[in-house]
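Several structures are given next for inspection.
Next come two complexes built around chain A: one with chain B, the other with chain C.
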Partner chain A sequence: MPSNLRVILPLLVLAALAVVFVIGLQGDPRKLPSVFIDKPAPAFSLPELSEGKPVVTPESLRGKVWLLNVFASWCQACVAEHPHLLELAKQNRVELVGLAYKDEPEDTRAWLAARGNPYSRIAVDRDGLVGIDYGVYGVPETFVIDGNGVIRYKAVGPVDEGFFREHVEPLLAQGGK
Partner chain B sequence: MGAVVRFRPLALARFAVMLAVTLMLAVPLLSGVAVAEDAAAPAGIPPGTDVVRLHEITADLRCLVCQNQSIADSHAGLAIDLRNQVIKLMGQGKSDAEIKQYMVDRYGEFVLYDPPFSISNGLLWVGPFLLVVIGVWVARRTIAARAAAAPAAALSAAEREALEARYRNATTDETS
Partner chain C sequence: MLAELGQLLVALALATTLLTSGQQLWAMQRGRFDADAANRMLSVAAFTSFFLTLGAFLLLATLFVSSDFSVLNVAENSNTLLPVQYKFAATWGSHEGSFLLWNLMLCGWTAALALASRGLAPGYRARVLAILVLLQAFFLLFMLSSSNPFERLLPAVPEGRDLNPLLQDPFMVIHPPMLYMGYVGFAVAFAFAVAALMERRLDPTWARWSRPWANAAWSFLTVGILLGSWWAYRELGWGGWWFWDPVENASLMPWLAGTALIHSLAVTDKRDALKSWTILLSIIAFALSLLGTFLVRSGVLTSVHAFATDPKRGIFILSMLTLIVGAALVLYAARTRDIGLGGRFGKLSRESFLLANNVLMSAALGAVMLGTLYPLFAEVISGRKMSVGPPYFEAVFVPLLLPAAYLMAAAPSLRWKEHAAGLLRPFAIATGVCLALACGWVLLLGPFKWLTALGLAGGLVLAWGTLDHARGQLAKLAGDPAQPIALTARMRRLGASYWGMVLAHMGVAAFVIGVTMVKSYEVEKDLVMKQGQTMEIGQGWRLTFIGVDRVNGPNYVAQHGVFELTEGAGSVIYLLEPQKRMYQAGRQVMTEASINYGVFRDIYVSLGDPVENKPTDSVADLAWGVRVYMKPFMVWVWLACVMMALGGFVTVLDKRYRLRRTQTAASSGADRAGAVANTGAAGA
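== the complex of A and B ==
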């Protein structure tokens, strides 16, 4: 082995490792890849928060792009994303469905009364079992579901302005399929 | 002067063997008790649940909220919910593999502390052994190269004489 290579090679290995570590430290370890991307949204049938409305099922939303936003009155980060959800509701371009996760219906109602209700429908998941079927491990989470009932994206944590532009607009542009 | 402590290898060996046997008998007993207590501790486990099996399954499942704890150890809300799901699935007669698959289907292989070998994690499994093989290969090459580069030339009679003379001088210098 030539002697200059003998000096350079360990430095190259060190540089390569440094690059690997820097890349590895960029991501948030709490954000896990969802196993549901490009898989059908799991079926469920949950009562509506507003009494008298029919049960909420994914099948009843077939044919249009919709968002399933997992939220709760006890969730601090939900307060942060709420204005963005209200803005989405005002634009009225996709159906925004809420999943009230492990929350008392009275608490959910009071929370929405104080902040405004962006949802067209709200499914009540009191024991969090539908959350488990969707692999929910933190609140808020937001699933983007296309017209075929397939999950296309999942946002972990509060959504922001970029979320709709990056993950929902392209889908609407393709006709929701 | 003080008492002479005589070193008795046989007695020492006998003591070591007895200690080892005692520990081997005691450790599983102690850990068995600990498992039962750990698994029975969380409230809300229905009577008649096989708590040892429950602990075995949940100890291999990662709590998604507090990622360095297992579902068995964690008291996070989600961990308790998932533990209850495991109890429900056990009640339905599901096997350990089926229960773990239920979790993987929802949360990905990340929930398993002992994920099966796959292409995506293959490097992690094989990597250390690969590094050892590369290390041995490099070491053998280096040793062979050095052996080839430095021929063990025998000294001629004159060289040996000169070397010994120098050695004699050096030792006499030190002692004087």
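== the complex of A and C ==
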């Protein structure tokens, strides 16, 4: 390497990093990419975790507001989120559907058995293909889908107490449309 | 009143540091300065700013301990129910408070340097001090303008919001101070390098002066990372101890750079080689410490433990980072262009092995950095978010760092400059024996896994290489067989720096073995247990669930599980008592795992939630989710980090650093023969 480039290189790396950071700081890391908002929820048909139950499809949930929670037994942040989901399930005001993402069904079952099962239906997305359709980039994520089958909100990372109040209740108040 | 006084002290410290360093640097630039007078002034400024920030820190601590909720910082991070030791620790639990701590440590390091650097060449010492005092001014300015810990909240609130319960743990109390001691300590190495550039003193002396400081900083950082990791192990309840989370990576990156730095400094000190590399690594280690702070505090990356984040502060830290590091790199570009490669060395020599170590460490650093920042790059370029998980890090880290263990085994016994290939034979034989032993070990434990065997062999050969070299060194010093010199005298002759290296390298050996065993043979079980039920958890261990009751802590209520752990026939019984705590102020639920530590295995139990099958279940029948882990050799990982850190601290005691300093001050071109004679010893 010519010695000019050798001595300048660290400076160039620093400059490049600084530019990326400045751009990166403009966005809120917890905010979702807007691509999926107000678009119809992509269709899928996945087996249900408990054997014997019918397959899970978004069409079968038409007409009501429902939440699609992407989780996995290997996901650490899901443990933090879990008590909130159990609380949500207890209130029973909205259908909570789980998407077991890239997970072995027996692992998912053991995980839920140990922590309690908040979901009314659980779709098994073993190879993560549905996750790709939904633009899942990290687990957990939670999609809020209205009665027309349109994605209205996407929460990245664990949901908290404020999530239901801010993003689901207004929708229920409007009658889910 | 106290809050205003604290703010005043910080402002006074800012004025002192800014004026002194500005005036001195200006004088230096014009080439008209009296080095001794400058040193006196800068030392006074260093002590003044240290006592001013110490005063401010104690005032903030007082505000926390007395629960003064008219101060915003206190109201947001403390609570009257908090036990008093955590009220005190909450002083640095928030972003603002932790920056005050950062400043206090920087002032502490500078004051220590002012005290202990009398032996340095006066002109050089003045530059080092001026740079550190200027850095203080930067950070104090940042604190006053964008994260003032003394900001008032008027009217005051009756009750505070509480300290993040995750931080309410004795080890978490000392984790940030240790980590910061490391981060800030690299500022000293940075100042040494930049001062060397300013003075065009690119000879081995600056490296020798920098070594004990860099070693101490590295050791503190090691302790800080160890405490953070151990805390995650006990507190998060996930059984893991390293998650490749951005916040963890932020502390690992300066550690890797620091590891490369302390070895590179040794080469520059001993052989006058790798000069511009060493300078660059000094700058990079500190730049990464700043980057770590930026990543953790700006919220530019999402993390499971994103604490207080604020993008505005992010811009501020980023500008400061760019300014400080940019200025140093400009100087680096201007001053190192024409320096040669320094001392030459052959392909097989101690230098080449140390260089290989540097390259592996830097590659590992690059890999961690890429993995940590990739989501950000991807988002900036394509607008899509994505994440990089442990599989990536494990896939790149192992092939980069495992060879380092084998190289480290041979490096200390290689000669400087040129080593005859034939002399490597004992090492080759030892490697073969260790590989055979490791294969046997793996086969005893179950199906053969070649990566496990390679890891164990790496640890074994490293331990052998280190101890064998020490034995050889001691034998060489024995002298006349008729009148052998006493062992203790010979050990002393080798010097603290040598024994520190031996200790640290043995630590690395233990680490490699520990990690290999944990990663290859850990067992994880998710169980559902009813009271009184006993379950086999493997290797002859049985776990009996006695029950769950409620206990009240000072600021939480806990569900307190009791388990009996028995081995074999059941003659030995251990009690394990994991808890689930609900903290009252924030209503967060925290898991306290219970761990039975052992030399060869940890058994780790964490309490999940009750499983409500049917509403009619009586409380006694309630089944609970229970997570059990069997972690072989886990303790080795912790002890290994302790050994590495201790090794680093021991090197600081080496008389050679202090001796040399006074000698060099007297006659600047001290003869190198003495240093080289000692080299067999105090290598890397």
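Assume the second predicted complex is superposed on the first by the 144 of 177 C-alpha atoms of A that agree within 3 Å, B and C clash if a C-alpha of one lies under 4 Å from a C-alpha of the other, contacts with A are read in each partner's own complex, and residues count from 1 in each chain.
Just so we're on the same page, contacts are C-beta pairs under 8 Å (C-beta built on N, C-alpha and C of every residue); 3 or more make two chains touch, one makes a residue touch a chain.
Please read these numbers as outputs of a predicted model, since none were measured by experiment.
Visitor: Using the touch definition from the top, say if A:102 reaches chain B (first), chain C (second), both or neither.
Guide: first
Visitor: Of the two partner chains, chain B (first) and chain C (second), which one does A:113 touch, if any: first, second, both, or neither?
Guide: The second partner, chain C, only.
Visitor: What is the contact status of A:7 with respect to chain B (first) and chain C (second): first, second, both, or neither?
Guide: A:7: touches chain C, not chain B.
Visitor: Check the residue A:133 against both partner chains and state whether it touches chain B (first), chain C (second), both, or neither.
Guide: first
Visitor: Who wins on chain A residues touched, chain B or chain C?
Guide: Of chain B and chain C, C contacts more residues of chain A.
Visitor: If we overlay the two complexes on their shared chain A, which of chain B and chain C does A:23 touch? Say first, second, both or neither.
Guide: second
Visitor: Which residues form the common part of the chain A surface touched by chain B and by chain C?
Guide: Comparing the two interfaces on chain A, one with chain B and one with chain C, the shared residues are 29-30, 33, 135, 137-138.
Visitor: Where on chain C does chain A make contact in their complex?
Guide: Residues 236-238, 240, 243, 276, 280, 283-284, 287, 294, 298-302, 304, 311, 314-315, 318, 321-322, 325-326, 329-330, 332-334, 336-338, 373, 376-377, 379-380, 383-387, 526-528, 589, 608-612, 625-627.
Visitor: Would you tell me which residues of chain A are touching chain B in their complex?
Guide: Those residues of chain A that touch chain B are 29-30, 32-35, 102, 127-129, 132-135, 137-138.
Visitor: Please give the residue numbers of chain A that touch chain C in the complex, ascending.
Guide: Touching chain C: residues 3-4, 7-8, 10-11, 14-15, 17-18, 20-25, 27-30, 33, 73, 76-77, 79-80, 82-83, 86, 110-111, 113-116, 135, 137-138, 156-157 of chain A.
Visitor: Residues of chain B touching chain A in their complex?
Guide: It is residues 64-65, 67, 77-78, 81-82, 85, 104-108, 110 of chain B that touch chain A.
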